[in-house]
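Here come two complexes built around chain A, the first alongside chain B, the second alongside chain C.
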Partner chain A sequence: MSDFSIIGKPIAMVDAAGKTTGAGKYTDDLSVAGMLYGKILHSPHPHARIVRVDTSRAAKLPGVVAVVTGKDAPNPYGILPVGHDERAMALDKVRYVGDNVACVAAETEFIAEQALELIDVEYEVLPAYFDPEESMKAQSDFIHDNKPQNIEKDYHHVFGDPDKAFTEADYVAEARFIAQEVTHAAMEPHSTLASFEIDSQTGKPGRLTVWSSTQVPYYLQHKLSLVLEMPMSQIRVIKPLVGGGFGGKSEVIPLEIIAAVAARAAQKPVKITYTREEVFLAHRGRPRTIVDLKTGVKNDGSITAVKARVIQDGGAYCSYGVVTILYSGALLGALYDIPNIQYDGYRVLTNKPVCGAMRGHGTVNVRFAFESQLDEIALQLKMDSAEIRRRNLLKAPCITVNGLRVQSYGLPECIAQVVTRSQWNERKGKLPKSRGLGIACSHYVSGAANSIIRSDMPHSTVNIKIDRDGGIVVYTGASDIGQGSDTMVAQIAAEVLGCSMARVKVIAADTDLTPIDIGSYSSRVTFMNGNATLRAAQDVKKQIATAAARKMDCTLDDLIFRDDVVVNKRAPVAATPANGSQPTVVHAEASVSGRVEGQILRGSLQQKRKDEGPKARLSFEEAVVAAIDFHGALSGTGSYAPPPEARGGKHKGAGVGPSPAYSYSAQVAEVSVDEETGEVTVHKVWASHDCGRALNPTSVEGQIIGSVWMGMGQALTEEMVWKDGLLMNPGLLEYRSPSSVESPVVEAIIVESVDPEGPFGAKEASEGSLAATIPAIANAIYDAVGIRLRESPFTPERVLSALRAKKKQKHINLTEGVDPTAPTTFREHGGSLCFKGKGPERHALDPARREAQVATGGAD
Partner chain B sequence: MKKELIELRVNGRTYELAIESSKLLLDVLRQDLDLTGSKRGCDESSCGACTVLVDGIPMLSCALLAASCEGQEITTVEGVSEHGSLAAIQKAYGDWGGSQCGFCTPGFMMTVKHLIAENDEPTDADIRAALSGNLCRCTGYEQMYQAIKSAIDAERRGSGVAQ
Partner chain C sequence: MSLPEFKLLRPRTVREAVDLLAQHSGNVRVLAGGTDLVPSMRQKLFEPQYVVDIRHISVLNGISPLRDGAVEIGALTSLTAIERSPYLRQHYSVLSEAAGTVASPVLRNMGTIGGNICLDTRCLWYNQSLQWRKSCGFCIKKDGDLCHVAPGGTKCWAAFSGDTPPALLCLNADIEIVSAAAIRRVALGEFYTGDGVAYRKLQSGELVTRVFLPAASADYRGVYRKLRVRGSIDYPLAGVAVVLKRANGHIADARVALTAVNPAPLLVTGATAALLGNVLDEALAEAVGDMAAKTAKPLTTSALTPEYRREMIRVFTKRALLAAAN
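Moving on to the complex of A and B:
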């Protein structure tokens, strides 16, 4: 069945008009009667004990309705069951500049802000840790008492025999790579509106409704129930339109809990919307990552072994950290054929805002290191860098050495496509001075095969209801955050049921109405919710077909659902009205109005039908009515759980990395480098992506382009700059994501490998492409000017200092201070912004402070 | 705070409002007039999500005092649709994927409306320059360029429908 009527067609998103007219509502656009505004008091210290909080002055300010602190909701929570280390507001300690201390609910935002100034907090400042390698040496004042050495989690995996394989290698490359911290900066600042119904029996706050900008309504419902000590069934979470997530809304963000706690105390609805600065502090972005990478190869280019030691600067709480550090190791596999892998991963706590999941979760920074090193190796072996990738392809279907099952594998085609389109063979090495081409590959999961809260229950369930008017309502828990999942769901339902998109209405992400879907993260929605939708639609289709077959006197297999009609393909041609036209008889009769005529007509119609024998086609409505007559009601259900074979190996930490299917990407970037200013310009990126099947090509291309673009931001300009735990660039001007004039032309190339388990063969399309962009650009920079940048982003400062070092013919390794021209504070400050003033006060015993004194000879 | 009485012309209607003189146009639109199409994406006038037209010129409504706009003609995204149906640019943004999460879209609608009004044959460079004050975090802008060109085409054909 290759010719689809809806699948594979470019279709405008079902909610597009709401977005272009401004009619669509995001959380902050909502208000309810009597609503108060909440404002949060944040910690000014990176690490301090709270001695005393006095809210009495604030509570007395006219217009203030409630002031809440950590004591009002002391239960711990966290997105991972192993990481319940956060609280609605701090109880005993604050752990980063921006940690949550108290919240005021007041009649206006202005009053709430004023009241914050009236809250008196006494802190006892503690030594703070800002660098993960420093933090790992800590002897006292741990960030969390139960995490000695401030190590959140470490993993040590060995697959095959890497030590032996390294001795057998003809060439071994080894280097340290660093990727600085980046954040999602979704355009919509987080917002939550929480409202309690007053219980009719007790007069106390009863059922809770929360509207929130979230990617994970069900996890939010679950965590709210933990913190508020309410049954989940008493909590309704509704996701309005969400203005982008990229992972930044894929866990419970403090304001979501705080709004509910404040609403309970105030006994009134409370809305909290973050300022942009608060969004940066809420963070949950991609951690600064140090990758010590070693790769061994044979002279023919085949990889014998890989050894990676990864340290992630996780910030002050666990968040997704344990998963992130596992992804970094697990997804060393499943792209190339690597027979021996050693992985040592450390997720480290520091006194900075919390890192979490961000587009390409866990894989991006390691992929930057790996693909850069592969390029260096190709150069050493005098091999074309596209060729070395071809020499290491997996032989799919297969199970990798670390237990990942790969079925569809479009990487060879992806590489072939970008090589052809970019004219790689003709142009590589022949471009004008300071201009170059680079290639890199990446991959990503189509949903994690194991859910966060381990169980064998389905990851997605979808219900479909069809009523006698022939209208189809799909109830899905999938959270559309702009990627278009509502549209995807509607397309699949319409395709299966053979009807137009206009007939389908999607009700999504409302925990009271829609069955569970665990959320929009790990690129799982098309694969998992798509499969559940497919099954629900097939379920209901079967019911319609049973009734239609009876009416049409044929078997189920004879029926075709398409273009809003149900046709018996075996019916004698004579009984079918002229091919493709409407069932003329029915329409002609239907146009006659009036009761008496109707009765007469019905009689004659019935006679006519008898004469004609069973019908060869029914309109969709007729088929639906027949089905409702037959079954009494018409609804279908479908669910999806990843198959056991796809859930990975048995080792500790094996749960993260396995996926029912992997997407593949290859990219070629063309860049030029201004050797005077150090500025890098990306002219064009050819990006091919194996998404299994493109259900909606416009959306798939949009996702590929968006990923490449975001990758380019991380490669060139985006970076969170810290000074003693204080974020120096918490605004969209200073945190520089590319504007339209800085953005390259991206040629998105769709590769379809048709996965055996994906809905219509589809896999993920939204994350996998991001990781290839950074190394493709790094490799292109090397091609252009011969400098190997091992620290991202490739800002003019970094490019220039590398160029200077190169001119002295010096081996350059920015991260070890080999380059004398590099700023000495490179590592802490990232080198792109230079902060001259003093950061927040440091404790006398602070290790960072002692270090600084040694380094600068005590002249702090 | 003391309120003052002002008259605002928004999308062809006149509103009489009692507001604090320090209130920003964006807040008046969103809170007092319930025109929540214009969005707030930042604290420092750097994202463009709040763009409205003031006498036909794109302005950041988060950087304007409402009281200073008296006597001027303000157009928000709610005023872009024509005769109750989508304007060509709205339709085209939907068809070509110019809008993903849509949070930046109202701002872009205003900027693009102005661009098209000023220049009905913009080059790629013109389009990129015109959009550079509006941030989008989803699309990488590429599909917006196609949308804009197709909207111009559609308007030229007078059909108002993008292919």
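Moving on to the complex of A and C:
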């Protein structure tokens, strides 16, 4: 085991104090002089042509400064280069209930809301599509004119010879799985403050500064530049503290563009903060998904082939959709050894809020299907369900049939850990009635090997500056969204430079100050920005070492940087304890806690004592002073680009899925089911996660627990309930994320496979665990009561319905006609809407309409 | 969502409060804990010109055991106080138990017993923002003439979703209602109408001030069972309160009441008669469960399917009875 002084230690997050005391500033906490409040007018129709927008009445309301519509910024944008289909506000058509039509900037929020009521919009309502399989049959009124059959994108991949492999299989399982739609529900609602400076030369709006709750400040800068037709250099994006993203802030969200458009028109700063309902409408969550899955196995449990047909209900715009549907297929690989894969993926447009990236992007729903089916197969083969997973392990390092390079592979250890800790072998099948154990595995990328906008540019660059007093400033574009990237960056810099955390200050995610980083998504930051930080620190360390080596009359290799001291390990020094082989506990003037006062003076004095001859050790600041005297200013830079051999195959769509490294997870869930009510209780989850190396174990454990908890939400309670495109539960009361009461004990187990390319061997830690939780719970439910649920979430009425069917009890229609063990279509909320995709045509039984019929003689 | 503009009035006495209510009759709402009213005002379900904040009327706060064994509870008494009151826990345990299941600890600190009794009926098609209701089309309960839950119907089916009223019904509670003109005392069972819109018999200008628990209802065994998806925060999706008293192993008295499955909390008629004089066993508990399920009329006003919620009334009634008997 390597000996580190900073990494691998449970270090408190560098921003913890501000967040816990309330002193920390999130975007909505900010205000600037003269700031206005923006409110957005949303479409009431799922699909309609805009005939006319008249904002004149709203503009006349006292206190209203500007009203903007789609015409004020008509350029299209989108996170993907192939998906530039969004506009700041609708130009000609609205495509979901909640689509953006206009924005009012006013002196108060109340006035802005009142002004919205005064905007007159005339709509021509169009037929709307809510079910993806129905939407794919559309012949006219396409949601986007250039997308016939409302298919955003479809991919058809064949690797190996699946047809032949299925004929060679001893057993083939086939079923349809359905996962309902979920959303991130981050604690902080999106917020953006946009402010133009007046250009000193022209007197017109000049440079733009945007503070925003974003995971991707540089993409925001890029999209703002496209829509506002301004050079990127004139736009500064600053990310304040962010209260959680989970993917919901990983692309440009409408309010970010709209705030800037409104600020330009108003010539005053404008802040928009979404209501919780607007957060649900902005959405970008995990699409509801149909997975038709077929798996072939030999009698020994080895998988011969997998065939998956996946349909994602993507909502009204592309967003990350093309990437999501590709991840769903690509990540069939790289977990197990599957020699033959057929994948047919359809990303379908519907008149619903837009789906995008969400924790475990693309892989979660397919993993639910796959791991459930694998459990069924194990039963069929009378094989232990942990064993069937062991029988299908990859032989890493390897390149999978679909072109994914796997190097470090901790899955065997992950399985072994959860099996041992849960006493799987001793307890499985021997638990009391209605109680069961289930196992499942999952994996995820440590960042995408290919960036969204294809280029050979580094994905991350980090600069480090060290001042004369030994203070270190790290400039990183990485966006800390609560996952702890600022802390990670500080830890790596401190570890490499052998100094205390207190010396390191992190300046992050400010496009004017920090070098480009493509953002916090696909779990890329520790791996990529961490590597860039490592290299920047090594760069600057080398400069210090060069000067120190001269002063200490030794070679660079003789120097050890540790505990704020630079030591010549060859020099016999009394201060070095003789017992250890390594010069570890050398206490410097600056303690680890980091009191570094008076160093400049001391450094200067010591600098003068040159006649003392070569030294065995220098304090960190002495070494820094020596380096600055020697080199001039002391700064270093480092960047990271994934290696070409990790970038995947050549087939169409091969760009998505490849990663420099994959994380691995295995989980055992223990649940009990109340057979009279269908209520499922998760008692404990053993969750092991191979994160390469835990740079901060507390942080990794937090991510594992958070993933399990979020996965449990999708498994049991969370579900966006739709009625003809209208979201029935747009709030945290009716959209039920688990509360602390339901939280099970999560035993987080860190597995360290030490990746050859990760920073100190680290890989991702925050997404991979989520996907295993849902099937682990599903499999545990099967173990407990013998029902195989193929539709998530496993709400009590679904569980009870399946239980009653199994026991052949009297049928009660508990689930609106959908069998949760064999679902065919998405279930919608019962009740009735006044429109059925045809706009607000009143319901036939509406009293108002009946009276109208009576009045006109009626139609019997 | 901002609050609509209104004038906040802060009386110090009941007299002042009812005078203000009379003065602004028809254009005023009462604020006690605010946990129900404030979110609804943000959603523009209520846009009164005046809000009477009664929180500072100290005489309405507190639990007072009377000499004869009855109890008087001020309408402003917090749900937390009711949950924790040693006296209520000992003598009227069904009420403490029900109060302890309301929402979450923070909301129970704010919410009051009077507010829980007066809680507005709830429906997925009603408790939504103005923007949402515009998109959907307004309903009978607010601004419209259509029911989305029972199309064609002219009755509102919004569900009464308070946790404490079924417990209070089981305890034969009375409430005191004060107006500028009079003070009246009514049985809680007479307070609700069964209609989702005009769900309570409370005139504009009237204020619920006290709850009375009769001495005769003391020391029953009581159980409240609540269906909800989460163990905290959620409103009931179905709720059953049960009280019973036994003599020589036979049931001497019992009552069963439901919430969240009708526009009013309801006593299950026939349950008392079915239980009286019998020894409670599984079969009897099931039979009463069937009666309760017939009383329940759950509709798509709430999460989970109506059929499931009705089924849970059956199961929860059975379980509550068996738990109370043990």
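Everything that follows uses one rule, which is that the second predicted complex is superposed on the first by the 769 of 860 C-alpha atoms of A that agree within 3 Å, B and C clash if a C-alpha of one lies under 4 Å from a C-alpha of the other, contacts with A are read in each partner's own complex, and residues count from 1 in each chain.
Just so it is clear, a residue touches a chain if its C-beta (ideal position, glycine included) is under 8 Å from a C-beta of that chain, and two chains touch if they have at least 3 such contacts.
Note that the structure is a prediction, hence the values are computed from the model and not measured.
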### Message
Just to be sure I read the superposition right, which of the two partners does A:F368 touch: chain B = first, chain C = second, or both, or neither?
### Response
neither
### Task
Give one of first, second, both or neither to describe whether A:Y444 is in contact with chain B, with chain C, with both, or with none.
neither
### Task
Based on the superposed arrangement, let me know which partner A:G18 touches: chain B (first), chain C (second), both, or neither?
first
### Query
Which partner does A:Y475 contact after superposing on A: first (chain B), second (chain C), both, neither?
neither
### Partner chain in contact with A:L733 - chain B first, chain C second, else both or neither
both
### Message
Quick check for you: in the superposed arrangement, does A:I705 touch first (chain B), second (chain C), both or neither?
### Response
first
### Task
Identify the partner contact of A:W722: answer first if only chain B is touched, second if only chain C is, both if each is, neither if none is.
neither
### Message
By the touch definition at the top of the document, which applies to A:P189: first (chain B), second (chain C), both, or neither?
### Response
first
### Query
Is A:T275 contacted by the first partner chain B, the second partner chain C, both or neither?
both
### Message
If I apply the document's touch criterion, which positions on chain A are contacted by chain B in one structure and by chain C in the other?
### Response
110, 275, 277, 733, 739-741
### Message
Could you list, by residue number, the parts of chain B that touch chain A in their complex?
### Response
1, 30, 35-44, 46-47, 49, 76-78, 80-81, 86, 89-91, 93-97, 99-106, 109, 127-129, 131-144
### Query
For the complex, which residues does chain A have touching chain B?
10, 12-13, 15-26, 28-29, 110, 184-189, 241-246, 273, 275-277, 481-484, 698-699, 701-702, 705-706, 708-710, 731-733, 737, 739-741, 743, 745-746
### Task
State the interface residues of chain A toward chain C in the complex, per the touch definition above.
42-45, 97-98, 108-110, 113, 275, 277, 676-678, 717, 721, 726, 728-730, 733-734, 736, 738-742, 795-797, 800, 812-816, 829-835, 840, 842-843, 845-848
### Query
Can you name the residues of chain C that touch chain A in the complex?
1-2, 5, 104, 124-125, 128-129, 131-132, 134-137, 145-146, 148-149, 151-152, 154, 227, 229-235, 299-300, 303-308, 311-312, 315, 319
